[in-house]
Structure formats: structure tokens, C-alpha cells
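Two complexes follow with subunit A in common, the first pairing it with subunit B and the second with subunit C.
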Partner chain A sequence: MSMALNTSSGPAFPRHVKITGEGKRLVDEGRGRLVLIAMVFAAAFSVLAVRLIYLTLFPAGGEPSIARSVIKSGAGVASTARAAIRDRNGVLLAVSLPTASLFAKPYMVGDAEGLADRILRILPRLDRERLVRKLSSGRRFVWIRRSLTPEQHQALNALGEPALDFKIEERRIYPQGRLAAHLVGYTDVDGRGIAGIEAQFNDVLARPGDAGRDIVLSLDARIQHALRDELSRAMAIFRAKGAAGVVLDVRSGEFLALVSLPDFDPNRAGDFSADARFNRATLGVFELGSVFKAFTAAMALDYGVVGVNGGYDATRPLKISRFSIRDEHGKGRWLSVPEIVIYSSNIGAAKMALDVGGDRQRQFLDRFGLTKKLKVELPEIGRPLLPRRWGMTETATIAFGHGISVSPAQLAAAFARVVNGGFDLKPTLLRRKADTDARGERLISARTADLMRRILRKVVTNGTAGFADAPGYRVGGKTGTADKAGRGGYNREAIISTFAGAFPMDDPRYVVLAMLDEPRGIPETNNLAQAGWTAAPVVGRVITRIAPLLGVAPKPADDPRVFRALKLKVKTKEKKLETF
Partner chain B sequence: MRALSRLDTSIVGRWWWTVDRWVLGAFLALIVIGLVLILAASPAVANRIGLDQFFFVRKQLLFLLPSLAVIFAVSLLPVRGVRRLGAVIFVITIALMVLTLLTGPEIKGARRWLQLGFFSLQPSEFVKPGFAIVTAWMFAAAAQEQHFPGRRIAIALYLLVAGLLVLQPDIGMTLVVSAVWFAQFFLAGLSLVWVGAFSVLALAGMVLAYSLFPHVAARVDRFLDPSAENYQIDRAMEAFANGGLFGTGPGEGAIKRVLPDAHTDFIFAVAGEEFGLFAGLLIIALFAFIVLRGFARLYREEDFFVMIAAGGLLIQMGLQAMINIGVNLQLLPTKGMTLPFISYGGSSTLSLSLAAGMILALTRHRPPGEGVS
Partner chain C sequence: MKFHKISILFLLLLLGASYGLYKLSYEVEALERKLVSLNRELMDSQRSIRVLEAEWSYLNRPENLQELAYRYLPLEPMLPSQIVADLGEVPALLRMARDDFPLPRARPDGIRPGLPGPRMTVAEMRKTAEQPVRRVRPINARLYQWLEERP
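Right after this comes the complex of A and B.
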């Protein structure tokens, strides 16, 4: 623009007009300052350009990270997706995926029959008659098929039919199927959690936001699988109605497995019966029988009403009001406290409890969490059934686990408090930091806890639960065979077999519990369905499978440390003090 | 454009031969680039907040014709006309800003918007060109007439505008208006002593803003702390890396799906991702060209008012572009500032069209004496 302009209306004008005085001085000075500002701008724009080049060519971190960032921040469809549920190792248990659903705009359909045939070639399971009716309805919107597979989606899209369209919807997928169905739960058609963790943490899962909001459970899918596998096998062999199982870390309080059988596929929960969807492990409460003798013995030892060498006469049935408490296969002699547990003597347990007294028994069970609902992150928690009146009879029967109903998970948690050194424990279904010690206040003395550990090991080596042993893994525990309360009293045919085990007993780390609902004996078990024959072997097999996963090393029986830690001298004869 | 002869003396004919066609072209190029980028970035944003996917595109197109008309019409004005227009706009926007403070809805903790039927108006966007013109007028008048208290009036008006902006509060806009006003004062011959004094005052003002407004403090802290996670900025950084030299291609970018302000404050990052380094450089070059060429033209300017007024408008536009791009490139703390002509936004686009029209009008070749000084 350096040339002067010449217009027809005016004369050529000079490019610099002389103006004088203050104005001229200011304009001249302004020019200098204009140059200064221009230089600042030129420098600033250069910095921007250099910075842009730098960022493009030398990205921070030196790796292409946009894909990761998009996943991390949940871009696109996934940004509003319900968060996933994972096991402690990251295995997906529940995840939301976008799937295409096919709908038609019938008002745009010309040849309904022809279109129906073309759709049927891709979706052969649709009913032709209904499809034609839908397509010729003339309406503006009608669903044809929800949740297509990607292949179907593509094939339908390739039809190029303008009257067909897709809606991308979110679908909840449970990749592990039945594995942890009761625990993970499921959602309704609108994606709201209505059972299990899905319901318990619905708000957290549904809240849109950044990644890292997945719910990570304490569950270990591998251990869950081993437990479920062994339980369903036992259920089939003994033709049981149902089963439940628990694996619990006695220090961190984390449930590593929680199984309820029969189970269901959460991908189509609606197709299953209420019985299949019922969580026997946490919602079901059962009279779990003699397992309670472990608590009774611990209670009697801890209150000091009897010593470990003390015992009770079990030669004759114990008569309380109109009941008579007897032993199934009694030894018919005096039994020391360890023997009462090892041979599972109802008479001995009842006498111990009566010595302690009903009030103190109730307080003791209260401390072990057996009188209130289990506190854990699930909506399906059963309330224990306690006797309305806690009299002598109740004290005696509760001593061997009758007249009180608790859930298997609750029993496992209480059992963990006996074998973890005698400390309170807050169980959880969410993963805790590695090596968390969640043990709380002391519930029983260290001496009592130590004795119980040795006694429970003897139950497996010398007592009713020989089949629970897993060679090298020092299993201990207590069996429980309870007649199911039915109409008009107890039913001797319908029993609940339970084994609450722990390992390794020289330094217990895990509780493994198995319960079978109405198992029936088979010839191989001499037609017996007692816990020692049915539930105990499940625990033994499960431990053999999971101990390596949990990093518990097998040790030979003659390992001196193990031997010392588990040594227990069991008195078999009453010391007659009065002979002195 | 052979149709327009140099002998054509119609208004349009004279305009064509006197206007800075290169800068006009640069403005139009920015508007076109802006449309392409909004087409690329905004459907993702609209989808995410549940609007029709071309909602923002349509609204921006709605503002396109008025914007082009404003650029053309304003650039036809003589210098005196620009001055009058600026003054009128200034008075109206000051009144509207007061009204906004009194009646405007509070959006994200600030009162900046006036609801005008089908669209909401941000009066503070329009105060910028008006204020630049009025400031220039006052300084020029002070230089011409011995006893006219132009500088004092300019200072008083500045305090009024800055006060209204802080009350909204809109600290970023206050900063831009202050910087432009100060640069104009500098052009108008502010003695160096006072330049130093004002610089200290400006620094004090920024410290004050930092301590008074928690959101300002938070943004600055986050900018200064390299370890802090700054979600938007981190995503923008990845966008440039992802785009590379030639970009991922139109519509192929991912950043727009995660950044809430992809169609406004972070549209430069979208440009970097989808169209690559060269597109980003082109945008920077266009702004640099407009500012520097404008300055070059002003260098030969004899009219004191024109120099300060056009200088102020160019500085405003350049500064706004620099701040926006600087934020995108993590050179400056996050600040909601639109990229002139490119970001989505009706008020911003119209106000910038006004400024662009004024710049074109003021930098037209004029016979001597047609100025106002």
C-alpha cells in the first residue's frame, strides 16, 4: 500500500502531512511506541508457534496417550456408562457395554413382507407374522430386537433400509456368569442395581465421572471358582437341595469367596426361580449345629468355669425339663473339654454352657457377632433367629447349635474371631490394602485362643472331621450336623451339614466353610450324610486347591515348629482330686 | 473483482480500493476456519450435553451473516463515524452491564449475561471495542486541546469499566481491558515514570485478584505446580501430540469428546488434533499477520486518534488470541477466553466483528484531513 492513491474526486495527496506542535510530537513518539508493542507481539506469537511445534513433535512422556486418556476419562458412549465391578485381581465381574438395538419406522416401510424376509435372514428367530404386523403398522417407532450382536448389527446396517435404525443402548454384562452371581447381583432393564453389590453400590456405580470408580471386591475369582466347583460337585453327589460356602481372610476380614447354590446367570436373572436367586450364604439363616461347640468350649475356657484338663461326665443323657440331650455315638464316659469338641459331645457342651450360664453365653455370642445381623456390604443379610426366651433349655441346646439360626457367612466371621488369635474382625466384601490387619479388640484371652487352635486341629486329626484334612496344610475346624426344624419338630431325614475349617492351624490365615442343605448319604459314606462325611471333604478339597494360590506352603507333619505349635495333651480320664 | 474500477467513485468502489484487503481476507479466513472447527468440535459437545448435534453449528451460522454485515458496514464508516459508533456502543454497554449486575441470572457464580429472548447477551464483550474508541478519543482530545481533561476522564472511565467487570466478577476480561487501556495510554505518550507506576499498580491488582478470588488462586496454583493434575490442560497437551503434523483428520479427534469447552476455550486444541501442526501454525500466523500488518499501517498514520483507537483494537484482538492459544499450549493458567472468530459464541463473534470493522475503517487510506485530529 505504498503507492499513493489517485481518485477522480481528489488530487493526489502526499503520504506525510506536516503537522506541527504538540500533536505532531505525540504522533512521532507514538510511532516509536507502536514499534515497541509490535515487537512484543511478534515475540509473543513466535513463542506460541515454537511452543506449538514443540508440543506436537515432543509430547510429554514420549508415548501416544490419547487412547489411554479417552478410555481413562470414559469418552463417548462409555462416559456415562455404569462403572464395572471387578474382583481383587481386576477380573471383570460386571461391565456395561454399548450394544445396538434395532427399531423400525413403519410409516416409512413400503414393502413390509419383503423387508421382513430380509430381516429374518439375519434374525431368523423372530416370528415372521408378528414382524410383518409390526412393519405394516404405520407407526413412527417400533422395537424389532434389542441388543444385537456386532455381526447382526453390521448385516442389518448393510441392508441399507432407511426405515430401519439403531439405538445404541447400554447393556450390563456379567462375563463370569454364575460364578459370583449372588454377590455381584444384577440390574433391572433400566440399569439400576437391584441385588447384591449392584444394589448396594448403585449410586457409586451409576455416578458418571472419571475412571477409577470401578468397585473392586475382596473376592478372588480363582478361589471363588474352586469353592463353587467343589460345592456343586458335593451337592450333586449327595443330592443336596442347596449349598453355601465361604472363604474368609481371618486377618484382613476380606471375603475371598462367597458361594450360594443353586445359583443363576445374572445376565438373565429373570429366567431363574426365587430359590436360585436366594443367597444362602448371607441371607439364609440356619441352625448350624455342633460347629457352635467351638464357641461353647472357647467360652467355658475363657470364663474359667473349666480348665483344659477338666471335663464332664457324658455317660448318661442330660435331662432338662421335658427334653433329653443325648450323644449320637457317645463314648459313654467322662470327656475332657478337648474331647467334647473332638468327639462332638452334646451332653458335654450343654453341661459346659450351663456352668457358664445363659446371660454370659448370650453376651459371649453377642461379642462374636452371632446375635445381630452381619455387617457387610450387601443388601441381602439375614437376621439371626434367637430364642424368645433364653432359659436353661435354650442355653443347653445353643451350646451345640440348636435353637439359634445364623447365616453361613456370619458363622465364618465368628469362627475367624476364634482362630485369628481371639480378636474382633470387621469383615468386608471390598478389597483392602495388601497385608491389612483389620483385627480389632481382643475378645478372648491369648491362652484360650491358643488352646482352641490346638483343639480344632485335633478335630481333624483325631475326631469327626478326618476327611477335611488337606495333607500338609494343617487344617482344623469343627463339624456340625443339624436336623432341620420342620413342621412339628426336628426332621431326622433332612439335615444341614456344615464344616467350619481354618488353615494352617499353627498360624491360621483363612477360614473355609462349607454347608450342604439336605445332603443324602450314599453307599460310599455308609449312607451317612453327617458333616464329617459330606461337608468336611469339601473343605479339605477346597483347601488343597486354594492353598497354593494363597501362598500357603505345605509342611510335613513332623516339622518341629508345626508340631510344637499344634501339640495338645488330651486327658481321657478324670483326675480324681478327692482321692487325695 | 475487476468489476470495481479504480475510477468507480461509489461508496463500495472507494471502499474496495482504500480498505486493507489483505487484513479483510485474514478476517474472513479466520471466520471460515472457525466454522470448520465448530463443525468438527461442537457436535461431540452438543451430544454430550444432550442437545441436537448441530445445535451449536446452527446457532453459529445464525450469527455469521450479521457478523459479516457488521464487518462490512462498519468498515464503510469514516473515522468520525467510527468514533461516534464507539461512543454510542460504550454508553449502551455500560448501561447494560449495570443492568446485568442488577437483574442478570447467576451462571457459574458470575453475573455476565442478559437474557434477551432467544439468545443471551454478554454486554461486557461489547464494551471492549467501545471502550477502546472512547479511550482513544479522550487521549487524542487531551493532546489537541490544552485544557481538556481527557486523561482524567479516561482514567475515570477505566475505573468504571474495571469496577463493573470485577463486580461480575470477570477477572480475565478485566485483565484484557486493563492491558488494552494501558497500552493505549502508553501509545498516547504516557511518561515512562507513570508507565513504571502503572506496572506496579497492575501487579498489585493481580496479587489482589489472586487473594480475593479463590477460583483465580486455584487456577494460578494449578498452573504453577507442575505435578498438579489439570484435566483440561493435560487432555489438550495430548491433543497436539496426537494430531502430529497433519492431524487425525476432520472429525477423527478424540479430545472434543472429553473436553467440556472443546467448542469454545479449547477449540485450538481441537484444531491441533484434527488438522495438525500446520493448521495451528496457520491460525497463529493469521493473528500475527492481522496485528503486525495493522501496526505497520498505523506507523504511517498521521491522525493521533486513529493511531490510538486502531492500536487499541488490534492489541485487544491480538491479546485475546494470545491468551487463548497460550492457555491451550499450557503457557498461561486456565482462563475462559475465546479465540477471536474461531470459538463458538454469539456475543464474542459479533463484538469482534465490530472491532474488525472498526480496524478496517480506521486503517483505510484517507486523504489528509479526513481524520479527526
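Right after this comes the complex of A and C.
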């Protein structure tokens, strides 16, 4: 760069320098550039300053969440324990608790026998010989007992023995024990759910987060207990192999109780047989017998193949190919449609179904969810067994519930669709909002649904299920006694007795189902094990116990409103209209 | 000297700001320590609550309550005829009640804990109802006395 300096005065250091010409232009340009740079920097810093002031004085609202996320990642309040499972009223069904496990450092033990005796005073169920052997092994680490109770922990700690120590572990506890064992399920040693709700919602339960992420079931512990209590009582009386029961809200679709017997203690599920852990209510599929006549009648009435005053001749057994369908204690006369259901006539039901036809029967059962797996939040769901060929014989036998196997829970859901006014229903095991009406599209006409309600009430007042009545609660339903299919045909000694009931029948709210697997008659039942003698009384007793809990008020039988809602004229004689 | 004055002012500002900053950062640190200890306490409490809740749930198993009630309370399962939703229904409910229905207990003063009270049937109760009514003694006589004595 060239510069022209013009010194005006002063010998060595001139006080003022004047630049002119080309030099002045260059200096001015340099100054201009400096100013420009200074302005750019000033502008940038002002932006920062303004932003800083803005952030400090006007919080954007996102800060609390940022702060919380920092807390969570550090020493926060978020619980890492597996979330709890509760019933609809908040009763704990499954919870993870820190428990202390006792271990010893045998190399530090001096007097093994003395120490063993002191431990045995607190844990008397340990084997003394094995304990002494463990303590005198000289190893560095040996487990004595996993999962101590708080009292045992404290007592052992108070021994002050340096060779003993504790390890704190999370353990899954089921405070209600067997109450809802099949439904809640259980976890493996590492705390992963491997059955029931524990398995179905494993990811949700295992995700760390706030305390409010517990899973709330639709189940009511009190109702579950009443059902389990009555079923186990009946199981003992009739020496049955197993039992299953369901209570279902026909409007909200919530399962209030789901019982399978024999059951197990999920706190030590490994100690029980596979049979005890098998969920008969949802995984087991059974031929449930005459309960299906309710669907057959609804189907025939809804398709209009027969009127409520129409009927069929049931005097003679019905022969289809090589099979012969007969009635157990037939009336031996013409029966109207309500009578076929009330007296449970196989012949009448088969004839009705044949009039409807196999294809339409299949479609109808499909709509009621009896041909596909039940959709509910459990991994243990049984697939219904359908005939490979749906011919005349199958149509006739399915009419009274043979040749088709479904799970009790599935049957209860289908039954709910008949009595809830004829609407589809999505059943659930999770609590829904109070007074939810989860009824979907209409499946049968309002008239058919109304007739079925009245007919099912008559089954209890006049038919096979007299013992299901709970005075005041207007119970209705259908019995089903099915011979169990065994090797080479049906076994007449081994039966499945089922009663699917609903109450109050003038405005049905709940379905109660009881099933007994191979009940045997007792002298008090004239040695009969039919559903009317074994399963029906269970439902009656359960309803007497749970109706007050569910807020269903008892009403006397002569209440005019009840009477009007349940009135049904049943034809007993065929009216000949045709003249030949 | 203008320049010096400004320097002193800035120096003071610097001192003030750094004091404030240090004080603030110490305060924050103390608060963080407090937060950690509070969080730990909270987690301990939550754990205790879980343990206590589990114990509560265990002791309140319906099975257990049923057993205890059966053993210690002179009560029996409720019958439909004993539930009155509407007073107008009473006559009908009485018709519904069979004569041999046991009533849970005879009279309030007949109860002793641990012992089933004397039982009474509907028929007996109807007979008692026809007798003149005894004057009911207040539950806590002293409480009533105190209420009356008050000026």
C-alpha cells in the first residue's frame, strides 16, 4: 500500500498529520470499513442482549418441563418399580415391593451350629442340617432365604452377626392371593409378566414413570370373591373337577368377575400344576349344551321363520342321517317356541335351526362372536372349535350346543348381546368410565330382544332353572347340560353343567355365568348333576350376594311394573289354522 | 479524570455481579441438595406406602373378612327382604319375607363382641312389634346430659 505523507511542521514528531489526495481516500475507506465492522458486531451483541433479556424476563413456559426432565434423569421421584395392578375400586392385586433377601458369608462364620440355631429361631421352616452345612462351607457367598418379611428382616438384623447380610430386591407380590390369579397372571424370576394381565401389559407395567401408571381392571374384588366363594362351594359339594364363572356388565362390557377353579397362588405359581394354572374361563373351550337354545330361539324369531306363538312337534325323536335327536324328559307333545327354551327341548331346537338353515345359523353365531376368538385383553384366549363341515347334522346339534365348543367368557359375552336389548358389545378387562354405554350396532330386532328377555325369565319361573331364582332380583337365563366328548363318542357320566343368567330381567344389567366341570349328583339333588340342580343354584346365590353391591334394588314379584315388563303368554296347544 | 471514574464504576459493578453470582450459585447448590434429599425421602415414603398398601390389601382380602365376620359378628348375609329402597315397598317386602327368616340380631343392647347375639325370626319380631314400645335409651347418656346442662 502506498501512502503520501505530508508533514507540515515540527522537526521530529508532527502533532497533526494531514493526508491528502489518494492517501486520504484510502484512510477514509479504512475508517469506513472499521465502522461497518463495529456496527455489525454491535448489532450481533445487541441481538444477544435482547434475547438474554427476553429469556430472563419473559419465560416461554417450557422451563418447568425441562427442569423436571433433568430431575428425572438424576436422583428423581420417578419410580422404576414395576407398576401395580388394581381392581376397579383401587384394591391392590399386584405390586412390586422391595424385599430383603438373606445371604451369609460362610468364611466369616465361627460357630456354624450356634448361628444356625439363632437363625432358626427367626426362620423356623429352614432345614437345620442343610443350614449348618451351608454355614460351615467356608465359601464367600451363600443364599439363606430369599424375600424375607419386614419382621424377619428386622429380627435377623438385630442378631448383629457380621457374617450375615441382606440384599434388597424388588419382588412381585399378589396381596389378594388366589382371588383373581388367572386374570392377573404372574411374572418370572426377573419380573417379566408371563401370564394374564401381567403378560398382556408387560411393556406398560415395566416402563418407568410416575406412580399414576397403574393398570386399573374392570374387576371388582368383592364380586370376584362372591363368585369364587360360591363356585368353590359348589365344586366341593358336587365333587366337580373344575369350575368357571363370569360376571359381565351388559352395557359397559366390563368383566366384573372372572373365575377359574381350581386356582393357584400367583405368589408361588411354580408350585402349582398346569391344570390349576389353566384358565377355564377364557382359554378352555367346552361344548356348553342347551344354553345355545337361547341363541337358536333368538335366531328363529329374528329371521321370522317362526313366530312366538308358533312351535314344533316334539313327540318323536328327530332322525337325521344316522343320528337320532331326543329329549331327556320330553313333554311328548307339540311345543311353542318359548316352551322349547323353557323345557329345553332338543328336538324343538333342532327343528327350529333346520328351518333357519346352516348358512344363516353360522352367520348369526358369527355376529354374536361365537365363531371367532374372544377379543379381550388377555393372552390366554381359546379358539372356538367349529365343525369342519356345517351340514344338516351339525346345524341340528349346534342348535342345542353340541358340536361347537366355546369358552365360558365368550358365551357370557354372547349372552349379554341377547339380553342387553340386542346390541353388539365389546367386552373389556379394563375399567371404563362410570355409566359407559359400550353397546354397538343392533344385532337382533328390539322385538326379538324383548321376547327373549321374557322367555329367559320364564325359564327360571316355570322351567328348568328354578333354583337360579334370587327372590326380588328377577333372574332369568338358560341352563345347559352337555355330555363331555370323550374317546369314541359322548360320555354320559362326565358332563358340563352351565347356567348363563342375567338380572334384573325387566331391564337386564348383568350377566352371571357358572359352569361346573364334571359335577356329580348328591342325594339332595336326587343324584342328578344337571345344570338346573348344580350350576343354577350357584348363580342364584351369587346374585343374592352381589346385587346389593351393584346397586340393584330388590322388587317384589307382584310389583306392577316388573309384572308388565316380564309378562309373556305361552301357547301350549297348537292352533290349527290350516284346513284341509 | 473521567476514565478512572468509569473504570471504578465498572470494577464495582463487576465485584457486585460476581458476588451475586456466587451467592446465587451457592443457593442453587443448597437447594439442589435439599431437592435430592427431599426426593429420597419422597421415594422412601412412596415405598413405605406401597408396603403398607400391600399389607392393607392383604389383611382386607374378602376371604379373610368373611371368615372374621363369620366368627366375630352376629351378622348374616343380607336378604332381599331386608333392603328397602322405597318406604312404599315395605308391605310388599314383608309379604316376601318368609316367617322362618332369621334376623341378624334381636336388639341393639343384646350385642356383645365375640358372641353371636340372640336370634329372632320374622314371626317373633311381628309378635314383639305388637307389644308396647319401650322408651329408647340414648347411646351415650352423659353426652346428652352435657348437652342439656349447657346454658
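Everything below uses one rule, namely that the second predicted complex is superposed on the first by the 454 of 580 C-alpha atoms of A that agree within 3 Å, B and C clash if a C-alpha of one lies under 4 Å from a C-alpha of the other, contacts with A are read in each partner's own complex, and residues count from 1 in each chain.
Everything below uses one rule, namely that contacts are C-beta pairs under 8 Å (C-beta built on N, C-alpha and C of every residue); 3 or more make two chains touch, one makes a residue touch a chain.
Since we're looking at a predicted model, the values are computed, not measured.
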Should A:355 be classified as contacting the first partner (subunit B), the second (subunit C), both, or neither? neither
Is A:56 touching anything from subunit B or subunit C once the two structures are fitted on A? First, second, both or neither. first
Would you sort A:30 into first (subunit B), second (subunit C), both or neither based on which partner it touches? first
Once chain A of both complexes is superposed, is A:47 in touch with subunit B (first), subunit C (second), both, or neither? first
Which of the two partners, first being subunit B and second being subunit C, lies in contact with A:97: first, second, both, or neither? second
Once the shared chain is lined up, is A:177 touching subunit B (first), subunit C (second), both, or neither of them? second
Please indicate which partner A:214 is in contact with in the superposed arrangement: first for subunit B, second for subunit C, both, or neither. neither
Which partner does A:559 contact after superposing on A: first (subunit B), second (subunit C), both, neither? second
Tell me the contact category for A:229 with respect to subunit B and subunit C: first, second, both or neither. second
Contacts of subunit A common to subunit B and subunit C in the A-superposed view 75-76, 79
Counting only contacts in the complex, subunit A reaches subunit B at residues 1, 5-10, 13-17, 19, 22-23, 26-27, 29-31, 33-35, 37-38, 41-42, 44-45, 47-49, 51-53, 55-57, 59-60, 64-67, 69-70, 73, 75-76, 79
Contact footprint of subunit C on subunit A as seen in their complex: 71, 74-77, 79, 81, 84, 91-93, 95-98, 150, 173, 175-177, 179, 211, 221-222, 224-226, 229, 470-473, 544-545, 547-548, 553-559
Sites on subunit C touched by subunit A in the complex: 35-36, 39-40, 42-43, 46-47, 50-51, 53-58, 60-63, 66, 77-81, 83, 85-86, 89, 92-93, 95-96
Contacting residues of subunit B [partner subunit A, same complex]: 6-7, 9, 14, 17-18, 20, 48, 143-144, 183, 186-189, 231, 234-235, 237-245, 254-255, 257-258, 272-273, 276-277, 280-281, 284-285, 287-288, 291-292, 295-304, 307-308, 311, 315, 318, 322, 325-326, 329-331, 365, 367-368, 373
